[in-house]
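Naming follows writing order (A, B and C), and every chain is counted from residue 1.
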Amino acid sequence: MALRAAFRSRGGLSGLLSQWSSCSSNVRTCVSPVLLPQQRNHSTSPKIRVEFDQSTGVAVLHMQSPPVNSLSLEFLTELCISVEKLEMDKSCRGLIITSGQPKVFSAGLDIMEMYGKSPEHCGAFWRAVQEMWLKLYSSNMVTIAAINGSSPAGGCLMAMTCDHRIMADNPRYSIGLNETQLGIVAPFWFMDTMTNTVGQRTTEMALQLGLLYNPAEALKIGLVDQLVPEDQVLTAATQTISKWLAIPDHARQITKSMMRKQTIDKLRSNRESDIQYFVNFITKDSIQKSLGGYMEMLKKRRA
Amino acid sequence: MALRAAFRSRGGLSGLLSQWSSCSSNVRTCVSPVLLPQQRNHSTSPKIRVEFDQSTGVAVLHMQSPPVNSLSLEFLTELCISVEKLEMDKSCRGLIITSGQPKVFSAGLDIMEMYGKSPEHCGAFWRAVQEMWLKLYSSNMVTIAAINGSSPAGGCLMAMTCDHRIMADNPRYSIGLNETQLGIVAPFWFMDTMTNTVGQRTTEMALQLGLLYNPAEALKIGLVDQLVPEDQVLTAATQTISKWLAIPDHARQITKSMMRKQTIDKLRSNRESDIQYFVNFITKDSIQKSLGGYMEMLKKRRA
Amino acid sequence: MALRAAFRSRGGLSGLLSQWSSCSSNVRTCVSPVLLPQQRNHSTSPKIRVEFDQSTGVAVLHMQSPPVNSLSLEFLTELCISVEKLEMDKSCRGLIITSGQPKVFSAGLDIMEMYGKSPEHCGAFWRAVQEMWLKLYSSNMVTIAAINGSSPAGGCLMAMTCDHRIMADNPRYSIGLNETQLGIVAPFWFMDTMTNTVGQRTTEMALQLGLLYNPAEALKIGLVDQLVPEDQVLTAATQTISKWLAIPDHARQITKSMMRKQTIDKLRSNRESDIQYFVNFITKDSIQKSLGGYMEMLKKRRA
């Protein structure tokens, strides 16, 4: 509850982190895995496992929230804290994000956080989604998405925040912003991020139709940058990040920041109205009904 | 009459339509074709034939203004009224625009409306061109251009307003904004529409050179989305639109509107100055001479 | 010195040209090469040789500043004067820019103008870089880059200002904005120019990594428009420019100006702050050290 309350406050994660450090020992068990030499552990929770290799300056963040890394309020909060900690660690220059769950990178926003919940809860949830995007899209670290499974909706958004995307070449996996298929709408900063990645026309079509692309299609339109066999995703990410780290940090960071500034500023200066818009939209009866129908359909599919 | 009044209320076609409504009853016969079961007829004039299939919610608008569907003031007015009627009909969810004339989709703006005409006439004409673009580019319906012939200049603009473009795979057909070849200039919203479709660089080159692309080239640069044999254009459009209609209307419409808002607002807030600019430009002696030369050339080519 | 002083003044080249014409006879020997029939000579200096063919209206500007056409303050000043003279000559409608030096189009900004120099000097230098870009990117002439050698950094920028880019198909040549590799940052108008040419995503990756592309790669991403054998670059440029000159000048110029206006206005209204930013950045100890290291590396490579 403390975490959620912090999200509601104006200061985003700065306030959150201080609260977190003062109470975390009470609410969580700190995982202490056996560390390899030269590795420190930044893990804050069993749902996020971070391996940091001091010799390369690269951290690998494994998402391991069963079954499909849904982006719940709690998971997003932990994710933001992990990223913030790495960001503040001067020795960490690169971040690889990957999944510890089979067949899925992340299934996207957790519908349970938007279905039958109070406006306050929906608002706190949306603030956490914004925070995740802001943290990752504006990161000073080199960020690589090692997409070792399907990555719809919010999972696709997370991948698009990274500097480079490597996907497992498995035709059963898919990636895309498929919100309209659920009867909901990707907000303007999802749109802007996708437009920055694949251009206006492809985005217009992809978002209107809620398209999910298989890896070959995603590569063709530039939604991912590289395909590799499934068991080589992490290796490829490690090789690629070393090329990015060969560039002087300062020059690379300013360049990245200049290229993304306009898009980031747009959300920063419209953050509260974006939350209000989301809450008004998602709590509508028609949208709630639509979400209910979608979950019913998912249940039947599983059964 | 109610429809016409509605046009007047919004500002848009006001002056233009009032002229039209005061004389149209004298000059036109309303066509009453035999309707197939489940089809209603929205036709307002022999120059536009609309077939509406209530079972699918899809209307097909056939342009049949001989010889080449030139966008005259009269034709544009009828086109806007037809589209507006469909837009207001809740049961109509999709619109396919195609040509009833052989070998041409639309030859674009009717030069006769700009040559040797009064500034007032040119202004009224330009307002109708704007209105056509605004109506189609901001339509809540799924719009598909079934391009069954050549589509230069204004014809290309009309096609680009649609959500999806299917073109007949006949190498003798061409499509593009070729205004500079006539010594005139595509205005900023033509440019913006093309930039949204094929990107900045391709647009810069296409517009400076007034390029017309054959179907294969148009597909390559993304000016059209799909090529099919000439006799299958309408069938393909019908198949494609059913995929678009599988998406919940509300989510699709908001998405489309968000993606196009900035471009549409730009014309909306500069409409009068854009008309003034066009009128000043087109009534210049040098431009009139250029148009005269172009028409002379066309005449000789036909002879 | 008079030339450099002029760059420091607010009025850019307008003041400069008048000063230049009043003193040029004192400071320079006018080259008088044997002219072919129908050719006039616009050369202002041995570092720039301009051939103008009155029968076609096309000027060819040969950069011949040994060894690698580095863009020094002096060279940029001469380049701007040459371009300005051609711009003001009504009979000159097209400009081909090429290199008279072997294996290189232009090696980009002259590091000597930024290393160990006073803030005043760095500011004057940067104003000249801006002026070169403004002159070329807003030129009313058709401009073609005949890229007959490598073209990194400022050389790539110069090529990107042109309407069309033809490159020698020699895999040992490369082109790109590789500033980050030197620890420096391409300013916003370099970014904007590249984004206008190859799109947001490719630019983001190219600039962060400081990528240099070989001709085949450059063609693929759209950084150049055409590859030809090395000995045919100038011939191809002459053929291509004739197609561009077939379009009525007035319509083509307005179109070009409309497409580039926003990007040009952005630098025009931020010119002084951009200079200030550059001077502050480049005179930092860390950046000076970085440049020193780079030059040391170049020296060793040559030895």
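FYI, a contact is a pair of C-beta atoms (placed from the backbone, for glycine too) under 8 Å apart; a residue touches a chain by one contact, two chains touch by 3 or more.
Just so it is clear, the model here is predicted, and its values are computed rather than measured.
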Turning angle required so that subunit A lies on subunit C, C-alpha fit (0 to 180°, nearest 5): 120
Determine whether subunit A and subunit B, two copies of the same sequence, contact each other through the same residue numbers or different ones, counting it as same when over half of the numbers at the interface appear on both sides. different
Report, in whole Å, the distance between the mean C-alpha point of subunit A and the mean C-alpha point of subunit B. 41
What positions in subunit B touch 2 or more of the other chains? 199
Within their complex, state which residues of subunit C touch subunit A. 179-186, 188, 191, 199-201, 203-205, 207-210, 286, 290
In the complex, subunit C touches subunit B at residues 163-164, 195-199, 222, 225, 243-244, 247-248, 250-252, 254-256, 258-260
